[in-house]
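Multiple structures are listed underneath, in structure tokens.
Next come two complexes, and both contain chain A; in the first it sits with chain B, in the second with chain C.
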Partner chain A sequence: MTRKRNKDQVTGSESDPVDPEEKGLSRRDFVKGGAAVGAGAAVISEPGRVEASEHGDEMEWHYEADIVVIGAGCTGIPAAIRAHDLGASVLVLDQNFDAGGRMAHSGSWVSLGGGDAVQVRDANGETDAEGFINVDPLVSPEALDDDVDLLFKDVTDWSVLDEQGYAYYRFNNPDQHRGWAENCPPTREFLMDNYIRFARINGTHFGGGVSRARAASCFLMLGEVTDIKNGTITPEDAGVADPERSSAFCPRQLSISADRTNVNAVHGGGAMARCLEFSAREKGVRFMFNRHMDELIRDHNGQIIGVRASYTPRHDPDTGEQLTSYWSAGNIDETRETINVRARRAVVVGAGGHAGNPAFRSQFYPRMNEPWYPTSGYALLGYGRGQDASGIIAGINVGASLDGLHQNFGRRTYHIQTRIGTRDAYTDMYPGHPTFPFRKSAGFDIGQSGFEHLIAVNQVGKRFFNEMRLADEPIEPRWPGGQPHGVPNEWDNHTPYDWRNCRREWVREMYHFSHGVDAAVQINEGSIGPEYYSGPIWAIFDQAAVDRGQFELREPYFSSENGCFFQADTIEELIEKIYAGNEYQRMRPNYLVDTVNQWNSYVDQGEDPDFERGQSDAPMHRIDQPPYYAASIMVVWHDSYGGLRINRNCQVLDMQGNPIPGLYAGGESSGGGQMHGLGRATVHGYIAGTHAVNGGVVGESR
Partner chain B sequence: MNRTGFSVAGAAGVILAVTAFGARAQDDGAAFDQGRTIYEQNCAQCHQPSGEGIPPSFPALAGNDNLEDPALIVNNVRNGRQAMPAFPDLGAEEIAAVATYVRSAWSNDYGAVSADEVSEILQTLDGEGEDGDQAAQTTIWDGVYTQSQADDARLIYIGACAACHGTRLNGAPAEADMGSGPPLAGPAFLREWGGRSVAALFEYTRSTMPQRNPGQYSDQQYADIIAYMLSYGDAPAGDTPLPADISELSNIIIEAEDG
Partner chain C sequence: MEITLGSCDVVVLPEEVDAGGETTLNIEVTGPEGEDLRGLPIRITDHAGALVETISIDRFDGQVNRATNITVRVPDAPGSYTWQATPGEEGDDSAPVEPVSFTVTAKAHATRLLVWDVPTAIEAGRRFGAKVGVKCSSGCDMTGRGIEIVDAGGAVQASDTLSGDLWPGSDGLYRAEFDLPAPDKAEQQQWQARVVPAEGRYHHEATTSAFNVRTVPPAEYTVRIEAVDRETEAPLPNMSVVMHPYRAMTDAEGVATLAVAGGSYTAFVSGRGYYPARREMDVEEDITTRAPLDAEPPPSKDL
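Up next, the complex of A and B:
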């Protein structure tokens, strides 16, 4: 793979994915290859005009492939590899400039199960094939003794509640989840066959069931070179060499894997996304970046036959330089404004969810229409384009039905982060990754306990909630169960489908909920119709708080240039700076002087009658030592639950429940489950890639 | 539910192994009767007079093997656990009586617990020296670990603890999908643990952490992690490593720098 910086380190020549041109495949071969799927052949063509349907519609196609995958993330790349393994030509489109999608900024914790190969390995006390893992299994063999039926039962267990008393497994689409559960073990092996190295099983991801341990992180070993085939990564690429640097390889710093792998191992999204991408490129999957799918194209029979896609390059906001992908082998550089891409067999939509689209997501929670609040990872993915619901909307426009729309409320995917001073508050990223300039600050995570040092105010400068409870979130029920995990019994005493799991006495005992995030996005005196935007919220603190809380008020944690952090000698001056410096601050936070004075009087009294924040929460501190500071507190809509309705084959269903021919979806573009994230998406990709080739609709040349 | 608080309950089983118990009281019968009275006044509402509890909220004590561990009982009674309130007003003799009762009532046969045993457990947990002489004790500000010990533990801390407690030890999780954990350094940490011994912290840590796999590390590694925490919190290093020895650690008190 060609990368300016460290080509030799990244791959040996053997492992360089072969460009089809070098392989002796001409453009003519591409076209010819269209008639029959040739094993291993990357068949991407520029056929000019072809017939779009049996009805003789003329349509200009700029490219064609057997399978067109939308999104180079944790659904799309597995789907692409799988379809290619089965002999199809595959073209992956992604709106971003590089591969990985949200997988690249994830924690790489892949929750599968059903008796998968990693569960079996750990249950037998074995290490990994390469012998990298040197910690003992973290989970007892009994907790790894899993099968597909138990997994399916677990993810449809109606009796499990979270701390809000919400029973989300209850609403999981059973057909989809049956298909998912059956494909978990083969997907685990498929991922391992594509350079994914799994650490010890150390729990189960939210949504993955209560009865067994099923999740493992993806790791690489620290080494002198970054070499996917041999499983090593340099400390610089891993982002562990300098706590204030990310790398172009990994947008988020990887984590030291001492507890689950080896003290010299690292795990995280980069160690998953780059390995899968490497494998896809090596096998001959073709990628077209900077290409946003705008529309699905149908023929007169309702068969999906392609997509219309537009050019969406990204440029460094400071230098104007266009951003390019880390690796380029297999890339198709295409700069035309709009192109049509023909899919001979199927389109697989793995375009992510709707969390980055305020208009779409506010269908589920009207108060989340505030555009100041982006989805997580927006700097990496592109504001307004990452997670923009475009895959779902394109499906709706060809008659797809939707599923699981209310499940955004199961675990409340929108919540308040404790990382202040950055708009991209779900994760930290540091200089060194090309998208850092879109955020300009990593933010500083003060934790829930750090809120004792500040007051939180809304866009008019008024407090709105007890700050100590603002970032509170309900616990997610999952393995190993028991009271600390919101389940009455531990995993080995948990009986799925038992009504006692949600008996009233238990609900009363475990109920724990806080409405801080709701208070944060409610209409206030500054909200103006018809949108009634809630506006930004601000952490207000003084120099004494900085000293007490050991806040590091400097780059790269804070920036004076991104509208997320302000400093002033007086509160009056702070008001002006907030108003002038943040474009979503639609009025001056004029109440701020009164609010700070009132707070100080409450501190003197030792109680806060407005929001009942008292010494029992944490000590209260006056705000009276200049300089004064304002830092953004963000509401983040992270995951998306709800999207296209799919069946067990990941075929998208129309309003009558029939598959739309030639259309597949998975991951966050699909709905109907609280089983989400990497486990959901990778399995969906595997299923869609399999079925689109092996079991797909029969057409003219198949 | 106890989301963030440090509950020593459940952590104390291992203390038993290092505590030398005195001779058992001969007159268990009187203790049993006293214990029943205490139980009926304080415990029976939840655990029920029959000892059957109301599971899952209130566990049964009849036939509950956890009662084998006197330290667990002492801790739960003294410090509370989850839904169970603390009973700080009960002295060693009263705790011994109620422990004797629940270990012997119904069909239980775990034996009596003496007031001396309870005293010893309380002393270890509360950081009181064997003679109760506070003045003879050291604090975390007296150079109780070595710098190299703390430095060497950094990677283990980052790998094992930072996911929840944060790389800055301020409870800001290093992994985005983890909730905030309790701070392990700084004012909030000192407030939470102030007045208790490093022994209590050590026992709590090695018995309950990392949450997904308690006891994963060696005793010395847990002591080393605590050395790293102390170092991060600006407690000065000294010439002797922090030992993995309960009785020595019980003489080191956690408190704010100005006392």
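Up next, the complex of A and C:
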């Protein structure tokens, strides 16, 4: 395929992608409190007054743009770039201090398909345009022989179940997914036109279907400088120079990409998020960080005409220093508490989902109300604001309908991680990124096998499940199918929409579901109404376990300052330390002494009558050698499913099924799709950015 | 004419502390007419009438007057004590606030007693080792305190005094090690460690700690297990081998040797980064076997 980069534009480098003066984007061009002028189809015109239904006859606008995008993540940035490419002025608001959202800490595995350019490239045995990829295709040409109809059928396949018997694709909104499937190929090209470099396809992400391989990681080459335009990144920026350091460039360390790209390549969220951000800034998209969208504003005709947004700066919890974005070109620094931003054509909501909002997510599962459990990446995104359902709630408040909240059950987006000793347990993050102080520890991944060395107790200090089965993540029905993925046939013998995929005998054979996470969040003796919070759960172990399991009890893996790790000479002292050191531990775990004594007696007897541990799974070990330890075991609410109902154009629909004029949504802000992350969100962004400008001509590049 | 006096309230936090330890007094005073009483001294006297401390009211929120919280030491002997807060200078009874009594409670120090490193399978009639740790809830020096090990029949099998050695890495955990005679027949008994009562400045609660002593018949056979990575066949050191009640760790060559009585066992081999391997074994002769372990894949960073 042909890369469509504008080589005449300014050079990308370690510094900001754009010289503001060169692009005519100097901050002095912005009039504080009013209009500003940008390059080309720039952001702002004179501030205006316009009738707004909920705010009196006239309201004051502080900024204006054709398209206002909420969220600088994997929906928002593609939407912004696409709309800007089509000639619109675009302003992106994000509640965080930097761009990237959840994309920045993702694995960058983008599952598209339908015969997209990377599938074609790999099927033909070709390398990338720059010649970086030097490994052969990892998937047979037959597994890459894809088309939009097959992709659509795969992602609406009613017959496929996951290993908990849940119909994974059955409830996907068909109109939305027809639009999604049709726009996968152009979105792949669009991403590649905006500095995204895709490695070899090596699978399909969950939600991407069973029949074909469709997912590839985003990579950069290790080099002496970080240069997005030329595709290089320094080992320090990539986080591969030191195994215990992240960088301000990449919150999560990138992975060596030898298996899918080149031994000198690295892939991961930073290699995706920074490249898209760079392209957006280079093209003239404007960003306003520290700005949380609180409300959508309508006019008397029901047209969405703007947003109200509040100032949400973040400060280092240790130093008090305000956090600032890695790049600044194109930023609008605005510090007023509340501003109104007018959207001349549309607002695109890519504000993330509801996994960070315990009140909202408990609508799906009441036991999800425990606030101790944040969404994954909370340190990066900001606790209480990241993934806070604000985009969904704002939509509800202007009459939007919802879709697919029950789809949180698929793949159980809430699950127990094997990383203990950090509240942000879904991913590792190390010192070097400015948000590390919010978590203070990387956590220590003990793996499933590591649970052999501990007992898990609830907030009152009692065991609640077989520890060996706590971190039992279910598998998903996706390529390459077959028994390991809960599908009776491999991909090449798989027939979508075939009742045999959910034949009762097959389901009985395939069913494999552990309810450990459900036991972890259940009402216990310490739960008090009306909330009935389940409280934290703790891994309790002794020094002998540390030695056997080779736990590295040191910084940055553990911290004594984040309420996630305690050490004591006696169990009684451990009880006091847990109670005093964790603000969500609402009572002393007073049963802990008896629980440990009981456990040790079970070990001596060689059987665990309470939870049948030690019989078919793993040996049991006494917990008796001081010192004793408690480390947090986290129930992670990762991504969320269910949100604003959208159609094939990503227009938000009202209760009658009609589009709300001027309102678009995508990614986790939208519902009706059992599909993970990046593939879903980037295509939504592409569609929304296109339709918001073209008014219906979707899937066509200019 | 009856004079209305204001009130004084003292909150003790924590309500109970170790004898000789510290607690905090939170004092609030309300004047009869809601007056600003800043500067008014409050005298704290103990159960014997002795002055503990005098503190002045230094804050007024328009209704309630407050003094900065003070930390006081409770008596050395366990018990509940009635103390008093009296507004005004000594000998001056003109303060417009009534005195108030409050209770401070001193607890006997708790003694934590730990027993560890008792072998899970002890050959009947042989001797075995055990480690004992003692720690006071208030961190008292436990040097010289007597420790006794008592068998299931109540007989003292060993006694020692704490030398003052602390368990490495601990904060005040005094340790002792014992060499003990096991029962002559194969059985499971519950023994106890106890701290011998002693006089001292502070009273320490009597403490015992139970532990299991499992004796097994003399070993008849040797089971030699070599742990290897299934894929690479590399030997795996530091793997745990459990054939309940027997336990061992693999050496640098990945080998663990267990001397066991004949019988049927479930053998587990496990360790960091590997899924536990399980095998049923009938031991009727010496056995040498390999245990191939499946490596647990590292967490995917694709997701």
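One rule holds for everything that comes next: the second predicted complex is superposed on the first by the 643 of 702 C-alpha atoms of A that agree within 3 Å, B and C clash if a C-alpha of one lies under 4 Å from a C-alpha of the other, contacts with A are read in each partner's own complex, and residues count from 1 in each chain.
Everything that follows uses one rule, which is that contacts are C-beta pairs under 8 Å (C-beta built on N, C-alpha and C of every residue); 3 or more make two chains touch, one makes a residue touch a chain.
Please read all numbers here as calculations on a predicted model, not as lab measurements.
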Chain A as common anchor, with chain B and chain C clashing or fitting: clash
First (chain B), second (chain C), both or neither touched by A:Pro627: second
First, second, both or neither for A:Ser601, with chain B first and chain C second: second
First (chain B), second (chain C), both or neither touched by A:Ile475: first
Chain B versus chain C as contact partner of A:Gln550, first or second or both or neither: both
First, second, both or neither for A:Ala618, with chain B first and chain C second: both
Touching partner for A:Gly107 - first (chain B), second (chain C), both, neither: both
Contacts of A:Gln363 with chain B and chain C, given as first, second, both or neither: neither
First, second, both or neither for A:Ser255, with chain B first and chain C second: both
Partner chain in contact with A:Gln448 - chain B first, chain C second, else both or neither: both
Single chain C stretch clashing with chain B - from 43-51, 223-231 or 241-249: 223-231
Common ground on chain A, meaning residues reached by chain C in one complex and by chain B in the other: 107, 109, 203, 255, 418-419, 445, 447-450, 452, 548-550, 618-619
Contacting residues of chain A [partner chain C, same complex]: 106-107, 109, 203, 205, 215, 217, 252, 255, 268, 418-419, 445, 447-450, 452, 542-543, 548-550, 569-570, 572-573, 597, 600-601, 603-604, 606, 614-622, 624-627, 676
Chain A - residues contacting chain B, complex: 107, 109, 135, 138-139, 163, 202-203, 206, 243, 255-259, 263, 376, 418-419, 426-427, 445-450, 452, 471, 473, 475, 483-484, 486, 488-489, 500, 505-506, 509-510, 512, 548-550, 618-619
Chain B to chain A touching residues, read off their complex: 1-4, 54-57, 82-83, 155-156, 158-160, 162-163, 166-168, 170-177, 179-183, 186-188, 191, 210-213, 216
Residues of chain C defined as touching chain A within the complex: 110, 112, 114-117, 120, 133, 135, 137, 167, 169-173, 188, 210, 212, 214, 238, 240, 242, 244-245, 249, 266, 268, 270-276, 278, 296, 299-303
